[in-house]
Amino acid sequence: MGEKPLQTSIATSDEQRITVRGADLTEELMGTLDFGEFFYFQLTGEMPTDSESRVFNTLLVTVVEHGITPSVIAARLTYDSAPEAVQGAVASGLLGAGKTFLGSMQDVAEMVQDGVSRIDDGEPSDAVARDIVAAHDRLPGFGHPEHDPTDPRTERIFDILEAEGMDGPYLEFIHDVQDAAEEQFGSRPLINATGAIGVGVSELGLDPLVARGIALVSRSAGLVGHLNEEAREPMARGIWDVVEENVDYRGEP
Amino acid sequence: MGEKPLQTSIATSDEQRITVRGADLTEELMGTLDFGEFFYFQLTGEMPTDSESRVFNTLLVTVVEHGITPSVIAARLTYDSAPEAVQGAVASGLLGAGKTFLGSMQDVAEMVQDGVSRIDDGEPSDAVARDIVAAHDRLPGFGHPEHDPTDPRTERIFDILEAEGMDGPYLEFIHDVQDAAEEQFGSRPLINATGAIGVGVSELGLDPLVARGIALVSRSAGLVGHLNEEAREPMARGIWDVVEENVDYRGEP
Amino acid sequence: MGEKPLQTSIATSDEQRITVRGADLTEELMGTLDFGEFFYFQLTGEMPTDSESRVFNTLLVTVVEHGITPSVIAARLTYDSAPEAVQGAVASGLLGAGKTFLGSMQDVAEMVQDGVSRIDDGEPSDAVARDIVAAHDRLPGFGHPEHDPTDPRTERIFDILEAEGMDGPYLEFIHDVQDAAEEQFGSRPLINATGAIGVGVSELGLDPLVARGIALVSRSAGLVGHLNEEAREPMARGIWDVVEENVDYRGEP
Amino acid sequence: MGEKPLQTSIATSDEQRITVRGADLTEELMGTLDFGEFFYFQLTGEMPTDSESRVFNTLLVTVVEHGITPSVIAARLTYDSAPEAVQGAVASGLLGAGKTFLGSMQDVAEMVQDGVSRIDDGEPSDAVARDIVAAHDRLPGFGHPEHDPTDPRTERIFDILEAEGMDGPYLEFIHDVQDAAEEQFGSRPLINATGAIGVGVSELGLDPLVARGIALVSRSAGLVGHLNEEAREPMARGIWDVVEENVDYRGEP
């Protein structure tokens, strides 16, 4: 008897039991783990230590909220147009987690994991860092339109990594990249929050895709908070008004 | 000098500070609150008590995972087609959080909050419950295609509500609705996990929209875990194959 | 040998042939039908007459474009954040096709198809119209925030229905609803473009879901045009700026 | 008095007029242009010739339908979960228009437009083609999992381009790329429908983004047809069943 064509290691269920990574959801996990710990367990199949829990929860908290961002604007407008489908408004906002903003967490994690792997294979770290800077038109994880001279979230994440004994090779390497970028561009670019989260995910031993996943889970929560406010105190029509007042139609073509 | 046309109470930022509900994100919240606590704080502006934290985190954990559901299938297929845009795959899966499955949490919360408000205004609870049963074609929060005779997640949530002293009027009322439904239909329908979450959200004093929000945040995490597995051990092409093998084209019309 | 569990009448393919509703896609349809005609054929399995083609194409053209709408704003912001995933930007804009704006086409089509069916069963049309007005908090297909005293698109659609001999019972009935609404509210509400499209879809014998589908296909095209402009002459950052300048953070709670 | 910060050339509206690219929507465009022609006009500001109309409509028809594809599966599952939000089901299906399948039209158009531009600058076409083949891990627009030895849609599009006098440099260049690929890989890869559409868009003088846009508009229509069938003759639960029957849970990790 052959095995079935589709395989998963994550979860299964029957009439009275939901099993996640070999554990009983209701008996062993609900009420015992906080959400961050459960997410870590679902991803890895391992219970986080207290340090892993604190770091992973911190990464999840970092980008929940940054005020009235483009993704919040998109979500609020979509909610106003389709209030019966909150899932659509949240999806609308999440779709902005791409290369320009939040999605870059994945690129950072790939970059530092690739870099550290090359260093582990014997390449000198400064050469690897210079290579990586040269290979990117736009270095993920660096720079910010508002925060200056540092991104305060980065400082905080790096302090917590250190406090929890997770200030390892990825944290060191992103500073090598920062040095190489300064050498290349003549000024020292700041490491932004997506850079710090890419490092944190890597120090936790997680895949780059999880870094983008953290952005998505965090932003989902942030968007739900904004939609809950929108339902009580709407600003979507006001947004539309201020945009319309500022648009000129220039005629053809 | 007039005030600006758009108002928010959630968050703002400047060069060196992100402020959420009056607190400094990096100094006061990151590293101090777990993700569930932070989400609660962003929603309400109030720090959760230990009991509120445990209940809210439990609600967030409950529906992260239920194996290979339709939303997981949609997300995995979308990821296979567009692996460069993980946000699209997650959005694709979230869009299923509608009336049939997870979105019903919002309907349950509306139902019990409406019911308790009528009881508070002096209507007898059994009459209100009968009214509500009669008014619905399909009672949200009851029944499950797989779990039988109870949904184990419901038991666990209700136990935790009781242990944390939050077994209040909404929990009582959903049992009144269950009684009325049994009277009406001749058999006792089980309260499913979405029903229990709708009750839990109401006991926490949160709006019905937050109940759907919990579904969305939870499922985001679940989907990220599945996409992380899909990236390493794909099943999307296998899903497509088993579906195709089972489809007949019947010709026109 | 039993039949397969999944059945479709729409399309199938093999190595050298794609069959749609019994016709050969490449030999019989491509180059012969315009897009509107092909869509009609895919939906119904029937080749449209010239009149049906003109009406269906007109309905598809009607709501492609209305300037810088909320769905366009959402799509442009999403594109700026994730330019590598144009599909996400279009999806983000489409998710606003809900109850408030474009999605109401489906509600109108349901309303007039239900009304005409009751009239066909012998109820007097004015009574049915009054019933329907009374049953709705917000009558779909009536009123417009900008157009006044008529929606010019409605006039045009109704003229074309008449010119093509498709001014049937649904067109008559929406005017009955308009009369009943005037009687009820004391002023005559205008029939907007979504109302006219709901009528047009019904005169073509199509299901209400197709009315929302027309909105989605039309808006997809409109959004693609805006994103193509956004790629060359961006306004997304400018939108964000004008919104930010107009937002006040009111602090907690 | 300065100009407003946001500029568009596409459309504007007032109480009684919607203006698209300088034309009156209701007076000049509705009832006169078919949907494909209108979309072309909205994109370019120019009325298509008969040849341009035939080619553009053909490109729009090509990928509306290919049976039960991953995007159709995702959309049908999403509709079953959230039938109240058809827009979400369509969005869910569109989100698969990425690098692997339909989104590659944009990559093809970029590739041939870049190639022809280099040839126009004096580089020999065979060298450019070899360069391009070498630069891609996976050459967009070539190969198909089902069609063999040719993609019948490609033949048809190329015939129509020729019949309409639009068999220009992009069509020639994609054959150079095909030659270079044959030289490189030892076997001649077929040009698939996305390759042919990327060529067609380029021959029409349109931007690469429009090629992906055509995929999205076409698929929107295809998905609406499938959802209309799903509403009458559902297969979503059957899809879930056949998938579940074929999944094994392997336990941790």
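Order of writing sets the chain letters: A, B, C and D. Residues in each chain are counted from 1.
As a working rule, a contact is a pair of C-beta atoms (placed from the backbone, for glycine too) under 8 Å apart; a residue touches a chain by one contact, two chains touch by 3 or more.
All values reported here derive from a predicted model rather than from experimental measurement.
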- In contact with chain A as well as chain B, sorted by label, we have C, D
- If you tally contacting C-beta pairs, which pair wins, B-C or B-D? B-D
- Note on the structure: Chain-centre distance (mean CA atoms) for chain B and chain C, in whole Å, is 31
- Item | For chain C paired with chain D, centre-to-centre distance based on mean C-alpha positions, whole Å | 22
- Between chain B and chain D, tell me the centre distance in angstrom, where each centre is the average of that chain's C-alpha atoms. 36
- Note on the structure: Expected list for chain A, residues touching two or more other chains, is 5-12, 67-68, 82, 84-85, 87-88, 91, 95-98, 103, 235, 238-239, 242-243, 246-247, 249
- Given the complex, residues on chain D that touch chain A span 3-12, 19, 21-23, 44-46, 82, 84-85, 87-88, 91, 243, 245-253
- chain D residues touching chain B in their complex are 67-71, 73-74, 77-78, 80-85, 88-89, 91-92, 95-103, 235-236, 238-240, 242-244, 246-247, 249
- Where on chain A is chain B touching in the complex? 5-18, 20, 25-27, 29-31, 33-36, 38-39, 42-43, 53-54, 57-58, 60-62, 64-68, 85-88, 90-91, 94-98, 103, 106, 146-148, 150, 152-153, 155-157, 159-160, 207, 209-210, 212-214, 216-218, 220-222, 224-229, 231-233, 235, 238-239, 241-242
